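Should a chain be cited, it is by its letter among A, B, C and D, assigned in written order, with residues numbered from 1 in that chain.
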Amino acid sequence: MNTQKNQDLTVGVIGGTGYAGGELCRLLLGHPNVARILPTSREEKDFEEIHPNLLGSGLSFLTTDRLAERAEELDVVFFSTPTGEAMRTARHYLDRGARVIDLSADFRFADPAAYERAHGPRHESPDLLREAVYGVTELYREHIAKARLVANPGCYAITAILGLTPLLQGPATGRRVSVHAVNGTTGAGVTPKRALMHAEVAGSMLAYSLGGHRHGPELEEVLGGLSGRPVEVDLNTTHGDFARGIHLQANVDVPAGTTRDDLVALYQEFYGAGAAGEYFVRVNARSPRGGLNVKDYSLYPSIAAVNGSNFCHLGLDVDTERNIAKVVAVTDNLVKGAAGSAIQNMNVMLGIDETTGLRHHAL
Amino acid sequence: MNTQKNQDLTVGVIGGTGYAGGELCRLLLGHPNVARILPTSREEKDFEEIHPNLLGSGLSFLTTDRLAERAEELDVVFFSTPTGEAMRTARHYLDRGARVIDLSADFRFADPAAYERAHGPRHESPDLLREAVYGVTELYREHIAKARLVANPGCYAITAILGLTPLLQGPATGRRVSVHAVNGTTGAGVTPKRALMHAEVAGSMLAYSLGGHRHGPELEEVLGGLSGRPVEVDLNTTHGDFARGIHLQANVDVPAGTTRDDLVALYQEFYGAGAAGEYFVRVNARSPRGGLNVKDYSLYPSIAAVNGSNFCHLGLDVDTERNIAKVVAVTDNLVKGAAGSAIQNMNVMLGIDETTGLRHHAL
Amino acid sequence: MNTQKNQDLTVGVIGGTGYAGGELCRLLLGHPNVARILPTSREEKDFEEIHPNLLGSGLSFLTTDRLAERAEELDVVFFSTPTGEAMRTARHYLDRGARVIDLSADFRFADPAAYERAHGPRHESPDLLREAVYGVTELYREHIAKARLVANPGCYAITAILGLTPLLQGPATGRRVSVHAVNGTTGAGVTPKRALMHAEVAGSMLAYSLGGHRHGPELEEVLGGLSGRPVEVDLNTTHGDFARGIHLQANVDVPAGTTRDDLVALYQEFYGAGAAGEYFVRVNARSPRGGLNVKDYSLYPSIAAVNGSNFCHLGLDVDTERNIAKVVAVTDNLVKGAAGSAIQNMNVMLGIDETTGLRHHAL
Amino acid sequence: MNTQKNQDLTVGVIGGTGYAGGELCRLLLGHPNVARILPTSREEKDFEEIHPNLLGSGLSFLTTDRLAERAEELDVVFFSTPTGEAMRTARHYLDRGARVIDLSADFRFADPAAYERAHGPRHESPDLLREAVYGVTELYREHIAKARLVANPGCYAITAILGLTPLLQGPATGRRVSVHAVNGTTGAGVTPKRALMHAEVAGSMLAYSLGGHRHGPELEEVLGGLSGRPVEVDLNTTHGDFARGIHLQANVDVPAGTTRDDLVALYQEFYGAGAAGEYFVRVNARSPRGGLNVKDYSLYPSIAAVNGSNFCHLGLDVDTERNIAKVVAVTDNLVKGAAGSAIQNMNVMLGIDETTGLRHHAL
């Protein structure tokens, strides 16, 4: 691969029938450096029936076997597959020179034992686990630029990590962070189940895995690493009555006297503001209006303002009676939480401008 | 008032144009002991345009002044008014023999100073404040039965109190409870604002008052009183993309070794099960299915299963890695969270069967 | 069966796992004359998991075979089953003295050939087909009162019939009526399919069967019979992003000069107004406000104003440039469109006040 | 203006606070030829509070007066204003060399009298009315390329015109077309009203203007002109429980024997298929599956598959019993129905590739 080749990329999308796979295809179709997209499906399926938003795109599915045979043609391979698939077949593509970006959980833990505790099966490629770089671009950019294999974070994880790192590297006290995240139903996958039917979720909310969610240990490991101290994540996850987006609220104890302005300044310093800052992370720095009797609905970000985009918006506040910092972090679970982030990592791995194909704003 | 009169009640609804006022009218229309409903409106308005679900009900608005003139006819008066109204005019009705149930915050605090800290204006009837009984029927039934004046709890408050009391009177450790509540947009009132327009909220969520919500101190006072120890409430409030219902999750530290089964047993003991138990509080005692790889969506209650009804459903779990109890409590914010609860209190105050007019299940 | 027994009814609900079956159970639980409800399920299922809104109701499923053995105990049997079931087994219950109300399509056509054209299989009980009475209570009340077997109408059909009959028996010209109906996703049944998953329908609409819907011929037969002339129904059906309710718009040519006031008067005369009128059919008679530049959103009914109730609300207008009458008819597809209507018919069949157990207003 | 200048465009957006104005800004931010965007607001407002999706974009509002002073700098001016504004001030910009694209109704009618009948006020620039070109790019491309002033169509109108023109220029019989369109609530504008609050629309639908909608005459004029014969449009408009998108169904009589395949072939011929065809109009040519008992939900397009994009998807069917063609046409009301279409017209007017800045697919 070389700079010239990076103008004319061939990209495989293994697991192209799910929501993240579809988003990879959609975003890659708009990426100026990508010439060929090869999505795979285990069963024979009509691409445009599965992804009607891409009607007329000309894409169609090939089998995973057929893609494996064409591994040498590929510059980049995305895995958008259930747990267990990438750890078995990523090596095939790496050995033939492709970069691999895995959107599943297979390469997210440094330690195979941690993987096994969270996901069950024995890890089959512990050497690759050691090599893989965790793909929060804003925080591990240097490593990603040199990586062959990137473990793209979970959608809850990346949203929480972007929202919490400045606080945890800064004024946070105590080891507990409380994270409540509400995800769109695309986050539950495409397998039909009665609990996920429209008639069941419309006008309601669906809490799940309150006894323990796999992103909890992932978050604790990454946040602990980033902040250099033990972090305990109290994680609640729920599906809301919307298809897309994560609305995440994280509460952390802070020293008495900490104000909303302090946090805004901290986050603006951390992520930069304006052109010099991180393009995809934006902090709502608006000043609150009014007094005791005014609810100001514009202080915190909403998923409507990021859906369809690769942005993470952050809002901040402090309960000054109880000295608790409140972070609101929102992303599109399928873009910044999955496919967009993965393409951002691809750009960094290939030395392309990081925002290529991803600059558009939300609707 | 006497038993016979309780078959033929005349009821005033002050502030009949809002959502809670409309729900009071709807439920009172189906109450077998209520003969006359007199809703008021400050401005001249067409009742059936404001409440199209009651098309053909024959109700119409009178002015508050007109109702005041007819105070002697009234058995019960509900205040469904902004803060500050009931503390000024409740006495007029009490003095003429009516029971008063106030759905605003005016009589929720024992101490006028606490009221003033949370709501601003100076309290104008501190003597009534001392007399008022806080209206969580399940927990203060004896007092309510003897009361002339009941302070109906806030919708977040009652949902949290029913969800947390067994834990706080029992195994909870530490003083902090973490409460995340998502409310339907009827909870934001009927005054048109751009932030609350359908086009703004559809497909999104709207966090608000994270720096401090007035139900926080209300909750701390009541939960502290019920549990006999200081309680700190870390409260996050958000509107979801639905019109009705509160989906509340409360997390509390518990001793190591506490299990989901322990909590289910605790709550079933506290609220009773079956015909002997509290009619309106029901605990999901289902056993979880499957292992590490199964998400069981049926363990926690959903607002779809309570909306339109006076039920509070409770679900329980424990994060056994971190020893955190998780309570999911759902109510219809306008029924159990407001009008239904108020009528339940009316029934108790008048010696009528508590469930009269309120037994119907959610859709 | 006798009047006394009608105070203490035993009712079977065959097909109790679907949405209409669940609604039958919910409404029957609140019916003062019903003592025992026996819902059936083909597979072994937990009643409260399937119908979490009925948590604590004490109901549980029996097998259809077990119910058949207890046929003699039953006063009424509801079939809430797929096409083909009731025509085979209704006789078993009729022969043992039960009234049968079939919510499927099995007994909706007078002519077996019409049934077979619309639904496929050969009809196995043509004699019962002749005996069955079509269950729009408001229009066939006398016949229903004497019937052993009632064919409950389809949800689209009953909504259209209540909305169109006054016009078709009155000023309508031409034979074509144009019917566009949007139904909640509960109308699509409980079988999980990808197209009906929440993530697919949220924020969208799902048109279906535009080439021909089975309620078309049903409507043409009934409306033709009621109006005494051939009626052609141009029917479009769509699922909307809501779980419940039918919002139906029907357009019919009318003579030049026909006004909105004419139609309101016609419908009020037909259905009666106030206490003397049909309890469950209500006409929005509000006068439009403002001039050319004012959109008056209060002229037409909305499903929000009927959901959960057995009401049908009707709104009327005329495009006076083109002489087209516009009818907006809304119902809850599971109540007036299914279970509520069925219980209304049960009441009539048993000589109970028709509104018993069904009087509550929408939320 | 010249080709080089077209690389570095300065664009005014008059009326930048509404939904269409916000979408113009969003899309222009991603347009490679646009260097400067100048949105205006009548009142002083914070751009990022009004359009939180553009947080960090650096845009801010100027007054309309200030923009008028800078008219000479402008290459293109978009009017996204209430009726009556553009007819008064478009000339100011035209005289100073800018192209003008008006998203309001001011220049949509050829005849001032028709404008006055539909919208009320006397037209103040009848000479410009004659000059203006109606902006359905696909049908009037040659004229738009030479125009100084384009009247961008209404959102209902463009969706119906793209959906109906092949039929009306082809096999349609009779003069009546029946159009039922459901629009997102962004189509109702940003002025807060109780009827448009989230709590009112959630889970419901809101019909309006059934007695006559202004897009009716606009449609009749354009469709009559395109088909060379009188067309009568029976138009029903409704808001659905979603923020964006138009789901439009149009029914037209066709000769006996017309099939779905005939229509698919007709539309593919009209719009072209694949790379040779119209980029933004795509026909669902999938063959229906299954028989009498199968509902195939994939035959008709959904707004979820176009929202956020400039695409119009078309689906076709025939009720072969009654010989009625059914067209389903979906667009994003704010993109193809407003801002996207306007930018497509800008591209054509300036000789830029028509799809520039608009190629992205829906989410």
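Here is the rule we go by: a residue touches a chain if its C-beta (ideal position, glycine included) is under 8 Å from a C-beta of that chain, and two chains touch if they have at least 3 such contacts.
Bear in mind that the values here come from a model prediction, so they are computed numbers and not experimental data.
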Set of chains adjacent to subunit B and to subunit D: A, C
Residue-number overlap at the subunit A/subunit B interface, same or different (half cut): same
Comparison of C-D and B-C (more C-beta pairs in contact): C-D
Averaged-CA centre spacing for the pair subunit D and subunit C, given as whole angstrom: 38
Residue numbers of subunit D (touch at least two other chains): 188, 193, 196, 200, 202-203, 241-244, 298, 302, 304, 307
For the subunit A and subunit C complex, residues of the former touching the latter: 19, 184-186, 188, 190, 192-194, 196-203, 239, 241-243
Interfacial residue positions of subunit A with respect to subunit B in the complex: 119-120, 178, 180, 182, 193, 195-196, 200, 202-212, 216, 232, 234, 236, 238, 240-245, 247, 249, 251, 260, 288, 292-293, 295-300, 302-304, 307, 315, 317-322, 324, 326, 328
Partner subunit A, residues of subunit D touching it in the complex: 23, 26, 29-30, 46, 48-49, 52-58, 202-203, 243-244, 273-274, 282, 284, 286, 298, 301-302, 304-309, 311, 313, 334, 359-363
